[in-house]
Amino acid sequence: MQPAVEFRNISKAFGAVQANADVSFSIAKGSIHGVIGENGAGKSTLMSILYGYYNADSGQLLIDGEERQIRTSQEAIAMGIGMVHQHFMLVENMTVLDNVMLGTEGGFKLAAKRKDTEAKLREICARYRLDVDPLATIHDLSVGAQQRVEILKQIYRSAEILILDEPTAVLTAQETASLFEILRLFKEQGKTIILITHKLGEIMEITDQVTVMRAGRVAGAVATRDTSKEQLANMMVGRPIEGNLPRKPFNPGAPVLKVSGLQLQDKHGVKLLSDIDLTVRAGEIVAIAGVSGNGQSELMEILSGMRLPSSGKVEFLGTELPFARRANADGLPAEFRALGIGHVPEDRLRDGVIKDFTVMQNTVFGYQDRVKNKAGLFDFKAIADRCAHLLEAFDVRPKNPDLRIGLLSGGNQQKVVIAREVSAAPKLMLVGQPTRGVDIGTIESIHTQLLRLRDEGVAILLVSTELEEVRALADRIVVVSSGRVTGELNIDEFDTTRIGLLMGGMHKH
Amino acid sequence: MKTTELPRWASGFVLPILNLLSALLVAALVIHLLGESPVESLQILINSAVINPEGLSYTLFYASTFIFTGLAVSVAMKAGLFNIGAEGQMYLGGLGLTLAMLSFDATLSPWLLIPLAMVASAVFGAGWAFLPGYLQARRGSHVVVTTIMFNFIAANLMNWIIVGFLIPEGDQNPASRPFSEAAAMPRLFDWFPALGDTPLNISFLIAILALVIYGVVMSRSSWGYKLQATGLNQHAAHYAGVRISRMIVVAMLISGALAGLAAVNSIMGSTHYLSLNFPAGAGFIGIAIALMGRQNPVGIFLSSVLFGALIQGGFDLSLEKPNIPQETFIFIQGLIILFCGAMENMYAPAVLKLINARKR
Amino acid sequence: MEDFQFASIIVSTIRNAPVLIFAAMAGLFAERSGVVDIGLEGKILASAFVSAGVAYTWQDPWIGIAAGILVSVALAMVQAFVSITQKGNQLVAGIAINIAMSGLTFVVAQYFFQQGGRTPDLGEARLTDVVLPGTALVADVPFLGWFYGHLIGGHSVLVYLAFLLLPVVHWTLFHSRFGLRLRACGENPHAADAAGVSVQRTRYIAMLIAGVLCSFSGAYLSVVQSGFFLRDMSAGAGYLALTALVFGNWRPIYTVLGCLMFGFFQAVQIQIEGVDLPVVGRIPGSLIQMIPYVVTVIVLAGLMAKSVAPKALGKPFVKSR
């Protein structure tokens, strides 16, 4: 039987970056095929070529044994290829039905096809147990349900080859299990599934074959039953994975941050955070683990002064933080910074740096009022000296202070942010997703940096969706789900299954 | 290695010149279609505005006003706000200085009177910019539409005030009474007779001072840093501790104040009375200047002089060539805003290709 | 006496609204597809001038209107090129068009007609009012005569066109394939793109429609209402139309209501001028003229919090991965 998809010597470059180099492998029909690799390995680019989003520079693409040119997404759809993106391609204020009909309306008048489409959707939902109401509006649906709508869209368009890009990034354990059930059903019906992920556990659980990509090339192709997580990880990274980084024995000092009864509601009354209690002591790393979107981001925003809580108390070094008499958080981050709270934000480009400012300008971002000379203007000599020192100490590349920071890689941008916050000698460091979008070499150096801070007695509150990162850094772990703390453990109680359950909302008994 | 980004000299210098030339090319085409020779028109313009010393003096006189309105729009732009209201703010600034003049021009010495009038014009201009700024900061009302509305409101309001209250008894001219001679801005002619008997006055020097202060504040002060951060990325500016609401309002106040100060040159340097519609489009020219000059002090200066030349030369041109009335220059203004503002990166890919080709 | 005044206010409202309705519907298409159209004012001016000028030259209002459509569409295409293909600042592009047209219309009018930047009076070459069948019969019947003859009937064709636009625009936007795709482009262009819709093409078409609709606004001003073109005669109508859009939350029916509201204020304005009101006496003309602009600010200040613009409005679409 012909493979459903075959890549032969596919290459694609974006400017100076070679995203795919001579990629060749095939995907069997009626199988679940995993494609793994870290950020920047080229898996998303390859799938985008398959989906017609990009065109390869060279190489051949064969669908069902025949060479094809897929120039646009429309052509891909016509060939039965469907893609469920990581960031949903849904119009929020329209119904499921309208979202499905978009692009397949069948005629100028919508009414003609609406009834038919609705019936067909209900039938598909029943057959694959998708549990979605075609007349529901997207923004009323949960994240898991929205993903099912994406899948529904592809099935409706008779996709036989389904590509899923990091589908479980935003799902709870329960929702992931449901998704995998659906995928198994698809496989039974003879559909081909391509699963892009970086989660080794999932690969081992659901796939039949795995292709490992690294730096734009195929680093390995194996049958799942013939391999192991460790072997895959090695192929993914190209060298033995980071063992335990050195750290001093756990010897926490006095409490630096004490959160009591923190609540947050949004303007519709939806509870984003409920009864959050937590304490971080000097010289300890407390990691908040949880699936993205369960309140961790909001918690960080509150603790860094970027947002006001609805109620509750936060004490920093014994004094209550000044939330009380304020109408909004305008200017509050500056006050928190002055107290000694540093913040490495989750979304570096949105919050942490000004893309069009130079590296040097970004090294004083947030601290711009502390670097003035006697005339009240910037002390450029002092700023330049400090910048040069930071770039050196944190190994930022390229070491050019006048480069626009937007031109640096994600990892180097992050190093600048961390260098800046660390050099202000905070007593509490809030760190959100420190290694998101960062290459593997830099991850290790960032982790080392954070551990060093901890050893120096700084209190660190870390938010991360990567359990491996949590395991590498935390002294204590607080698990949140749906805005509540569902469990707390010490690092020596670390247990993936238990944490997974807590992340999925099962409270510890 | 191929450059993927334009070097600063290309984006800061080459692109603006290409954009300007494009605008002038379209203008030349229109002039040709109107039956006149673009080359001849350009010659008349240059002779009148630059070569002739008196003409040059007028050019610089007009430029003085434009420097202020250009600065006004630039300051707001740096904060991410598109202030279309400089026209109305200048108009109200004129009212402020007029009230000061009418009240005190008989009693106060010029040393007190002139600064007082300047402060009054700045305060009134700022006041007129306050509400749009406040509404943007607190209610998210878009500053573009609100400032345009305030321009219309200002036109009607000032009409009512001038016609209703300021025209002296028996006069037909829709203007206030003339201010006393003592209240005139000292003319540069008095010190440099070579400049010709023109209204060019010390406002020009004050304008240059304003440019210098603007340059220093933007590049060397933490307030300027915070302003620009707000304009580039409000989320990040909030992270950095900037009080966004306050910054927006203050930026608009300063913008309005600068626009108000533009009235000083127009009135106290020239007419010496408040007349209907005296801004005559200076506020809108400020927009073109801010875009063409890329909100940079040197750029603003050069653009202001260019527009001063267009106005001065355009006036003489319209006398010689009735088919090219002064309104032609409003059209040219629009072209400049289009090419230098909305299409500013149109030539970037081509320039980038050239640079890379030369590298090999 | 009071009734009579009220009646003429209603009729005036209906006759004032079309300028705004055409422009607002134009803005609706553009903005619902994701493109900010601040350049309505410039398109109105350009088409007002061209319609009047061409109508005078050919002594035929319809040829004038057709010419106005061509010009407005040309401007809309320039805006579209700048906003969609060049991905330039859409606000700046709109303002540029407005200022450029303010100057150019005067210059060209002066060139062709030598009348100080205006066009000559159209006289006979204007659109005749539509007289409904049977108007003469019921003319003497109290209320019904007025109602049938002056409120429903007796307006220019363009007035009926403006109000007819409402159901047409509503249906197109919410019940047609094109409308679905258009709205998707304005809310989440990435979703539209992934579904195989060409975001660029849809937005260009939206701007084309905007150009056509906007031209009627200008034509209405010069050919229907006054009979000639006068410098800057739009007097902010383009911005008032945008405000009606905000007021109406980008929905056709509420937007038209907003336009009617502005038309109503304008009608009242004219009635109040020269009338001694209790307490305040006679209000000066200038202050009355301010009213629509003040109302705009109030609307923008009060309603921004509740009104929800299309999510992708003003953001150029860049395919990203």
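In order of appearance the chains are A, B and C, and numbering begins at 1 in each one.
Convention: contacts are C-beta pairs under 8 Å (C-beta built on N, C-alpha and C of every residue); 3 or more make two chains touch, one makes a residue touch a chain.
These numbers come from a predicted model, not from an experiment.
*Asks:* What are the chains that subunit A and subunit C both touch?
*Replies:* Common neighbours, subunit A/subunit C: B.
*Asks:* Looking only at C-beta pairs in contact, point me to the busier pair out of A-B and B-C.
*Replies:* Answer by contact count: B-C.
*Asks:* Could you tell me the distance, in whole angstrom, between the mean C-alpha positions of subunit A and subunit B?
*Replies:* 47
*Asks:* Between subunit B and subunit C, what distance separates the C-alpha centroids? Give it in angstrom.
*Replies:* Distance between chain centres, rounded to whole Å: 30 Å.
*Asks:* Which residues does subunit A have that touch at least 2 chains other than itself?
*Replies:* Answer for subunit A, listing residues that touch two or more other chains: there are none.
*Asks:* Which subunit C residues reach two or more other chains?
*Replies:* Within subunit C, no residue contacts more than one other chain.
*Asks:* What part of subunit C is in contact with subunit A in the complex they form?
*Replies:* 175-178, 180-181, 183-184, 187-188, 190-197, 311, 319, 321
*Asks:* Looking at the complex, which residues from subunit C come into contact with subunit B?
*Replies:* Subunit C reaches subunit B through residues 38, 78, 82-83, 86, 88-93, 95-104, 106-107, 110-111, 117, 231, 235-236, 239, 242-243, 284, 286-287, 289-290, 293-294, 296-297, 300-302, 304-305.
*Asks:* For the complex, which residues does subunit B have touching subunit A?
*Replies:* Its residues touching subunit A are 1-2, 4-5, 216, 220-222, 225-226, 228-229, 232-233, 235-246.
*Asks:* Write out the stretch or stretches of subunit A touching subunit B in their complex.
*Replies:* 15-16, 304, 306, 328-335, 337, 343, 345, 350-357, 361, 364-366, 368-369, 371-372, 376-378, 380, 404, 407
*Asks:* Provide the residue numbers of subunit A that touch subunit C in the complex, in ascending order.
*Replies:* Those in contact with subunit C are residues 44-45, 48, 53-54, 72-74, 77, 83, 85, 87-94, 98-99, 101-105, 107-111, 153.
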